[in-house]
């Protein structure tokens, strides 16, 4: 069997259990592209297309992928199933479903048995999955580590700018301005 | 690859994520043997031996298996992974681990996405998994349905016998006698 | 007493605790009819009409029913009450209520005591209940097993088609097209 | 069918899902006997002996029972099943099982649908079930209401006596004395 | 101190922690009035008006109240505080708040310590609180017990009528008709 | 490093993890200003601006702050991080996020290890955080204690006024009037 | 009515729902005495001795108490009931019971309604309750604030000493030495 | 300030909130040493020694550390606090405490806000934290990736060997042999 989405691999591969997870997972791609890290995105269900998922996971490393981000909801097996087939680090994103507020997928992703870890981020935490993937690549890449330091500084600056604005005009003025905007 | 545990298949195959689950899962085999239904038992981790699990699941039907019982704890993916590869009904037994009282495995087994069900029983409910397997086979086997009717009658009789004993001697006498026994 | 909904029985009987559960349960009937398996549907509360439920459960087998699907919310006793009265396999569908996100009904259906199993599916998992019923009947019916294999293939093909589309045009184009559609 | 435990009914009938619940439920009988209120005790599973439970519940009122106390664990259906068959008030005692700390049975007893209430007490709260049964009978019985007032006074006095002892000698002396005793 | 709402007491007194609970609690009054049982309704916070609550609870019995229904949300202390001051049975209604889906109030009401029970009903179960109050009064009042039997019969008839309609026209027609209505 | 929001310190400092928490936290400032207690408000993330948070916490006491109120959601570390750096009492407000109903932040704030307490209030309980800050200051300030007594009296009076209105006109009239208003 | 435990009040009053809570609550007294802050300890149930609790709470301030620490388990109403009657800050300690791992008491203490806060600490967090009480008194008492700074320094030093020992000899030696000791 | 445990940094630094976490965390060091990856181990509380933790986190990268593993229980802030101060990937290990079965620390570690991820593993999942750290380093180190492939093969072989033994002698013999051993 051959899946065409598997031609040339960027360093990070983002996969999710269903195309309906794309809006929740998109932030992972956005943040990685911000770090100029190549990503590919696909959607493959561990339960409805298990052979494709196994093939995807088995081949990822040799295609040059170095980190896999896998998002899934409910009985979220996708991250763990992929982790079973690859020596690469797998980041799991529990996706909130309507029924149990994401706690089911948090458990199903985080509680992996000894031997096969999944690096779990927050419920609907796709953005952090992207940052974490960058951090992982950064262990062997000084350029990325520097970019991460800059990223953190930028975040800090934004927080301090807002704090300064709140401190100067008072929080009531700040709130009023935001309602207008 | 070839797994020797796969010679001649009985109707029900019992699998669990680890050999440490054997004490919790054994009741499923016991109850099925009580119904004279052939069982095989194995232990294969969905995360540590994923190819063997996939092969097991893909081949089960053609070896004559008609129902699969799969027990697992923590992020219990085994039942769902097997269900992904077989048209046979899969019964999932959430196994209680020390950390979260089995709720993690209950969620990870029950909350399967549309298209790939797992028939979930109670936490540590291996005995009921065995009975449920018999009931499934009973849909096409009058002999088993009759055996199930007899089984239910026997359970009822035992309950009524105890109730009669409590009613006759009083519950305090009953309790005292049990402490002696 | 006589209930007219009990004339000629199809192989699967779908029951729910209230007529307000019909929208949530309807997918079970849809999927079974897709497999050309006869279904009947009714709504009977285990608490408001307990004698009718008992009669329903006691008579199901002799009317030709082979699998019962029972959906209920809150303190969801219906599946367990039916399982108490029949040797047939009972599939329980926990229905999400507004107050506790379906966890109450998941517990009330899954945690059955030894001797009387209920095959529990996901919260609001009526579609999977239908598939599971087909799988149960498939243990004794080669035609249904083949239909299930085809069903799984079709699901897989749909997943791969979407993956191919995402892989080809990129996920951003895919998302944009979906918003238009 | 005829169950011999059903000869002459006292005002309160205590039932539980299994004879293994007797140690947890016994306090209900103790407290009621302390109020000189007649009790009977039995054990009948709603799932293993459903017809007996239905018969028990249907006949309770005409045998003179005025309140039913029902204790059960796991998917604790017994109180609700009885409530379905009787106009009498049913007090439910959720019994703690090993797997989910009693929350499953608390949900399965408390979350009854509109129309059929169960008066739920705390997990393993058999003593309070007994007191509540007395309070219910007290709505139509001045003697019992007076006994309840006295009971509350006695509890209060005991609490105040301990508080006085702690206040006088200090809590460290109090603790030391208890370790000796 | 004197509270004017305390002139002539009906048999059941309904109290809630806040006037914002009135919409959720109103069903208790409705159902009791349907049984021709006198009710009074008030709103008093156990935390914001504790002396009034204590006075209310201490005096209820001598004003002729026989059952108290108390509804509260969050850290729902009102039912337990009232139970502390009266020998009357207290029915607690956990009211769902936005933050924790009512589980906080279910725990805060159900988990009373030995000696002081609260008869807990379902989250937002005001209707059942009313029925339970009637059942409690029915322990000493044949007329109410008969009314409860009739009430149960009526519920059963309604359920069977709907089931007959679903059975006759099929559930799809039934659903379509409801969407029109 | 120097943060301009740190010029002259009032007695209570309100901080939150993000400016998006301002609407949820604003009630704390409102209630304190009602007690004529000086407040300052800022927003600083423990994770995105950790040095600023550490500086904030270390300097608070010497700038005259006596109580810190810290609100945060999700893995709500802000209150605990501040408590680590200051001898002042820290009040933590768990803020409800969309994913897990605030239980995550309740745990992350309340479950502090021995040695470093955080005074946790209810989920989204900013108003109570303000009152609690006043009570803390009141331990050394008779004027504030008197204001708190008056505050409690006013709350009580409001409750009793509503109760009187409900008692007089009946709850149905009360509800109808509220719908109009 | 008069309770002898109410003679001369120290600044902090520690109360708990039952004398069986003394072992869990004792650390609060220990830590306060370490700060040379006077404590009194008593045990009074909000449910079994409600008038004594009300009297205790109403009189605490005028007897010189400035902070109340209240520990309780299950449906832990004691802290909230006391908070209703006093303008003093009330610290609530949720005590772990066997049935629901302390989550019930955490909810019942933390989720107080607007207007009446309880400063909640961790489950079984009596030691932190003592430190928090000292911090509250420290808002108006420089000596206590200084003692708290010293206390924090001492904790830090102990942590660093252990870290140095682990860093020097390695964690395996450290662990081995602890097993010997 | 200077902490001697900071001389020469290996690639992975393991830190935990308390020396009492050493037995739970030790597996992380063991597994990394098995991969010939240098580790250092220390114990520093985020709450009791916050400046040391900040210094530790800020300096880790320049000392050559590439991955930090942080274990903590209860309101487990340590991993998040460290993640705030470093561009390195931080792996969080939720440690099970006695009170809430580790769910509090799972939430407190996994639910990090956007911008600052923590790679969360299972409750008490120190071994998997070690493997995950190796996988992270493996993104830039072919030797480690190869070692991970070998590690996975070894795990698989062990599982298959056990399965073969169970398949050959039967699970009852297998269980009997284990009890002897």
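The chains carry the letters A, B, C, D, E, F, G and H, assigned in the order they are written, with residues numbered from 1 in each.
Here is the rule we go by: contacts are C-beta pairs under 8 Å (C-beta built on N, C-alpha and C of every residue); 3 or more make two chains touch, one makes a residue touch a chain.
Computed from a prediction, not measured in an experiment: that's the story for all the values here.
**Student:** Going only through chains that touch each other, how many steps at minimum separate chain A from chain E?
**Tutor:** So the least number of steps between the two chains is 2.
**Student:** Measuring centre to centre with C-alpha atoms, which chain is farthest from chain F?
**Tutor:** It is B whose centre lies farthest from that of chain F.
**Student:** Average the CA atoms of each chain to get its centre, and name the chain whose centre is farthest from that of chain D.
**Tutor:** Of all chains, A has its centre farthest from that of chain D.
**Student:** Same residues or different residues where chain B meets chain C? The copies count as same if more than half of the interface numbers are shared.
**Tutor:** Both copies touch with mostly the same residues.
**Student:** A-H or D-G: which has the larger count of contacting C-beta pairs?
**Tutor:** If we tally the C-beta pairs in contact for A-H and D-G, the bigger total goes to A-H.
**Student:** Using mean CA coordinates as chain centres, what's the gap between chain D and chain E in Å?
**Tutor:** Here chain D and chain E have centroids separated by 20 Å.
**Student:** Please compute the C-alpha centroid of chain E, do the same for chain G, then give the distance between them in whole Å.
**Tutor:** That pair's centroid distance is 36 Å.
**Student:** Per the centroid of Cα atoms for each chain, what is the distance between chain G and chain H, given in Å?
**Tutor:** The separation of the two C-alpha centroids amounts to 34 Å.
**Student:** At which residue positions does chain D touch at least two other chains?
**Tutor:** 45, 48, 51, 74-75, 99-101, 103, 110-113, 115-116, 118, 122-123, 152, 155 - these are the residues of chain D that touch more than one other chain.
**Student:** According to the definition already given, which pairs of chains are in contact?
**Tutor:** According to the stated criterion, the contacting chain pairs are A-B, A-C, A-F, A-H, B-C, B-D, B-H, C-D, C-E, D-E, D-G, E-F, E-G, F-G, F-H, G-H.
**Student:** Going by the contact rule set out above, which residues of chain E touch chain G in the complex?
**Tutor:** So the residues of chain E in touch with chain G come to 17-18, 45-48, 50-51, 54, 73-77, 80-81, 83-85, 97, 99-100, 103-105, 107-113, 115-116, 118.
**Student:** Which residues, counting only chain F, touch chain E once they are in their complex?
**Tutor:** 96, 101-103, 122-124, 152, 155-156, 158-160, 162-164, 166-168, 170-172, 174-175, 178
**Student:** Given the complex with chain F, which residues does chain G contribute to the contact?
**Tutor:** 61, 66-67, 87-89, 91, 106, 110-123, 125, 127-129, 131-132, 135-141, 145, 148-149, 151-152, 155
**Student:** Name, in rising order, each residue of chain H that touches chain G in their complex.
**Tutor:** 3-6, 19, 22-23, 26, 29, 40-45, 48-49, 51-52, 74-75, 98-101
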